[in-house]
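Below you'll find a set of structures to go through.
Paired with subunit B in one complex and with subunit C in the other, subunit A is shared by the two complexes that follow.
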Partner chain A sequence: MKTNHSKELKTCSVAGKLPLLVLVLLFSASVSLFLGRYNMSSGELMQVFYSKFTGVPGSGLDMAEHVIFQVRLPRILIAALVGAGLSIAGASLQGLFQNPLVSPDILGVCSGAGFGAALGILLTSGIGYLTAGFSFAFGLVSVFLTLSMARVKGESQTLSYILSGIIVTSVFLALTSLIKYVADVNDQLPAITFWLMGSFANTEFDDLWLILPPISLGVIGLLLLRWRLNILSLGEEEAYSLGVNPQATRIAIILLSTIITASCVMVSGIIGWVGLVIPHICRRIIGVNHNGLLPASTILGGAFMVIVDCLARNLIAAEIPIGILTALTGAPFFAFIYSRLKGES
Partner chain B sequence: MWFEKSGLDNAAASVSGQSEVSMEQLYEWDPDYVYVFIGSPASVMLNNRVRGQYWSLLNAYKNKSIIDIPQAAYSWGAPCSDSPLMPLWLISQSYPELMDENEFSVMFKEYYGRMYDIELEDDLIASVLSPRKAQGQIP
Partner chain C sequence: MLLKVKNGNFSYHREMPVLKNVSFSLDKGEVMAIMGPNGIGKTTLLKCLMGILKWKSGCSLIDGENSGAARRQIGYVPQAHRFSFSYSVRDMVVFGRAKHMPVFALPGRKDYQISDAALEEVGIAHLADKSCNQISGGQLQLTLVARALAGQPKLLILDEPESHLDFCNQSKILRIIRRLSIEKGIACIMNTHYPNHALRIADRILLLNENKYIVGQTSQVLTKENVQEYFGVSSTIVSADAYGREIKAFVLLDEI
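Here is the complex of A and B:
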């Protein structure tokens, strides 16, 4: 039977591509660990690893060891986690709203979390955990506001979510501008501006432990719900007949995406484009079936973020805000893929 | 420019304006002196209190050479009417064998007498040279 055969072929190719993507992720993470502004020869590198794993203290290589294990390693892990989280959140929301232009910020998480962080920096100049706490809290508050505004039932439900998202986003962006206006120009304003552009600088293992639970929870939850995304696209009645409660699933997916995105923004600022572009690239590679699309987005998103962060910290002596780099690398890359494969579909 | 005039090398010469630089780049440069213009006072970095940044590995930290730039009529880190004093102050900090703090204070007094016709007292000079203390930012 031809249909079964082609379906088997498709599944085989998906299953074959996922390990390949994992290899890309591991390779880029390892290479990124060895690249940095701090110069060390390969001999010193080997010495540092040897000392770390055998417990034999190395001589005079404190700085090198610190750079590799305390500066680069947490940064790479956090970048991979954030990239993975944003990508799967973007892919899920695109599937939920059946709109390829949806990004994780559609419901206002990023702008709400950005406002929370700006407020935290204004009040505490970045000392302590208040900034991160406010960021996460306001991320959740903004989505709550969006959902409570979008009470319309029926065919236009998707549209009403998106419209309330636009309203809430605009309000929080305006409030953030207000905070930038009253912030101290020497100290707080540069901190807020740099934070809003996104950065993995000065991240350490404490940040990793902070975001690992919420992001893993969100990613695992979304992965478990991925087949329901396929069913939701068939319509409300079909979903009910197949035993899936569309409204509950919608809320669950929105909640999980929000937790992931708010955690990402809390640790690294607002990073756009990743949640929008990576799912599209994966759709070209894997196909539109969410079974394969969500895991692929997760892995490729992590790899992409690791590579871009590597560029952000190594290209020039100063740090390039990563939000700028994701836009500059993601958008043209996406245009290239889209135009090259346009003929095939 | 002030660094040139006082015989110091600007490690961050490739970076222009106010840019953020990662700690790793600082480890690579490992400067002998860090002069703090604006933002957190030097004492914050000397106490290694900045989140995500380990200043304790730098040479400048070990020699306690993270220093706040003085502020008189204006901060000496920006071009102002006190600018001729900046390279002299840098020399008194980095090459104390050429000119120590007392000799610098004498030149400081003389400059203010000549330029502004103001007689500076010693405690005023002290508050200029440790501006963060005068502003109450450190005890």
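Here is the complex of A and C:
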């Protein structure tokens, strides 16, 4: 009787916390919609929304409407999507590699995608579809290289995956440096450098439609596999002895995470820390079971990115690259949580 | 016969066979202890039975089906070790249900009921919400037994289940193994380094050494002559009368 009671209590607490996180996400998104360089009064805001939803034209606030619906809204949606994607990919790979210090770029996706983007900028001198396509393609290529190298070694053990990832990462980092070296110092080099720092500036609805399908596919796939991921997080032999063949599921999880991460890098550049920190925080909030951890990471990751992007837009007159801000906010936050709660685990 | 091993051969490197022509069988409800010096291939044998390692030749069958394919029928209890993520005891036990569930499924009410029953079975229902990394080694070993039971196995394979445990937990584990075999008809195979434990609960013994093995009834196989031959130590069997029963035990005679 007692055990039943506590079980209900537990599922209750997990079920109670998820809607709370959703509220945090919605709240930060709506606040962020009203904050920015273009100031508007709450009266104007009401008017803009009123005319948008009733279809009554000509409130004389075309500029405000444009800012809200064409500039801020897509940017916030993209930030939420990227934050959610990087966080769930990080949480999944941490589980898969049985190591809470793994981040989504462990298998070389980010360095590959970064190289692809740099190559695109070098060839086209701009950030167009070719750059995005190169970035996505090289993100996938790098992970395929990592996987095939791990397979060549025969035993597909965790360690050989990680070592192969380190090798591929360093090769692509070197190639990126090579491109920077030969790039035009006046326009290409700054473009590459800023792109690699990560930013949501200049994102439009087109970008949203570009990344929505692959990221949704990845997130839904990972969410479907979330309980099975627990078994894989015990290690290869343990999974086998529990009657589960880990091979197919492992490849699926790696591919889904890769698609997500490559899509994120494609529109926003390289944004570190989110995929590492958010899953940690969620483990504290909701527990280590991936059943709750993956949905929680998705939602909190989205909220975190929306908030950080809002800071990036508003803190100082010039926009701060978001990769810098996530590291500046994420790292101390992480250090704080880690030192505070170290004794507990 | 529930389990049949026919001429099983295994080697990690071609020149150095680990298991040579191993054959034995085990019936429902029987307990078998595998004994032998360190590094002789006891764990390898268990892994071959589970299909984690593939026999180089020969086979093992459960109910006539290849035991690797019939892994679902086997519950495996590894040596207790810490986990990267501190799942709760209940979560850990429910993981034992995974082999009966489709890949996208979440455990349902029935899975939780079976797992809670398994926790009751080994007597740690009160620990259900504790973290696996915060309980004692003995409690963790019991958790792993419960996890194996949650998979409703016909054959339970335990890798040195009572090593690293104190006296009380050793006998608790042995009692549980005995009870499961008698009450539920589960066949059990365990590696052990303790001949006295084997004497207490095993129906059959498999003694393993380089290039040879012997298998049979406990009383016939676990003799001081065989212990001398397989372990190179001289010993004798003493017996004590306690509560009207005769309990046998090995005593080492070697000079220390």
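Note that the second predicted complex is superposed on the first by the 318 of 345 C-alpha atoms of A that agree within 3 Å, B and C clash if a C-alpha of one lies under 4 Å from a C-alpha of the other, contacts with A are read in each partner's own complex, and residues count from 1 in each chain.
Quick note on the criterion: a contact is a pair of C-beta atoms (placed from the backbone, for glycine too) under 8 Å apart; a residue touches a chain by one contact, two chains touch by 3 or more.
Model, not experiment: these values are computed from the prediction.
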(message) Is A:Thr329 touching anything from subunit B or subunit C once the two structures are fitted on A? First, second, both or neither.
(response) neither
(message) In the overlaid three-chain picture, which partner chain does A:Thr249 touch, first (subunit B) or second (subunit C), both, or neither?
(response) second
(message) So in the superposed three-chain picture, is A:Gln98 touching just subunit B, just subunit C, both, or none of them (first/second/both/neither)?
(response) second
(message) Just to be sure I read the superposition right, which of the two partners does A:Ile316 touch: subunit B = first, subunit C = second, or both, or neither?
(response) first
(request) Pick one for A:Ser51: touches subunit B only (first), subunit C only (second), both, or neither. (result) neither
(request) Using the superposition on chain A described above, determine whether A:Leu224 touches subunit B (first), subunit C (second), both, or neither. (result) second
(request) For A:Asn289, decide between first (touching subunit B), second (touching subunit C), both and neither. (result) second
(message) Quick one: is A:Tyr240 in contact with subunit B, with subunit C, with both, or with neither? Answer first, second, both or neither.
(response) second
(request) State the interface residues of subunit A toward subunit B in the complex, per the touch definition above. (result) 36-39, 62-63, 66-67, 70-72, 126-127, 186-187, 190, 194, 199, 201-204, 207, 313, 316-319
(message) Residue numbers of subunit B touching subunit A in their complex, please.
(response) 12, 14-15, 18-25, 27-28, 30, 38-40, 50-54, 57
(request) Using the touch definition up top, name the residues of subunit A that touch subunit C in the complex. (result) 2-4, 6-7, 10, 95, 98-100, 224-225, 227-228, 230-231, 233-234, 237-238, 240-244, 249, 283, 287-289, 291, 345
(request) Over in the complex, which subunit C residues touch subunit A? Could you list them? (result) 50-52, 71-72, 74, 76, 78, 83-88, 90-91, 95-96, 98-99, 103-107, 112, 116, 119, 125-126, 128-129, 133, 147, 151
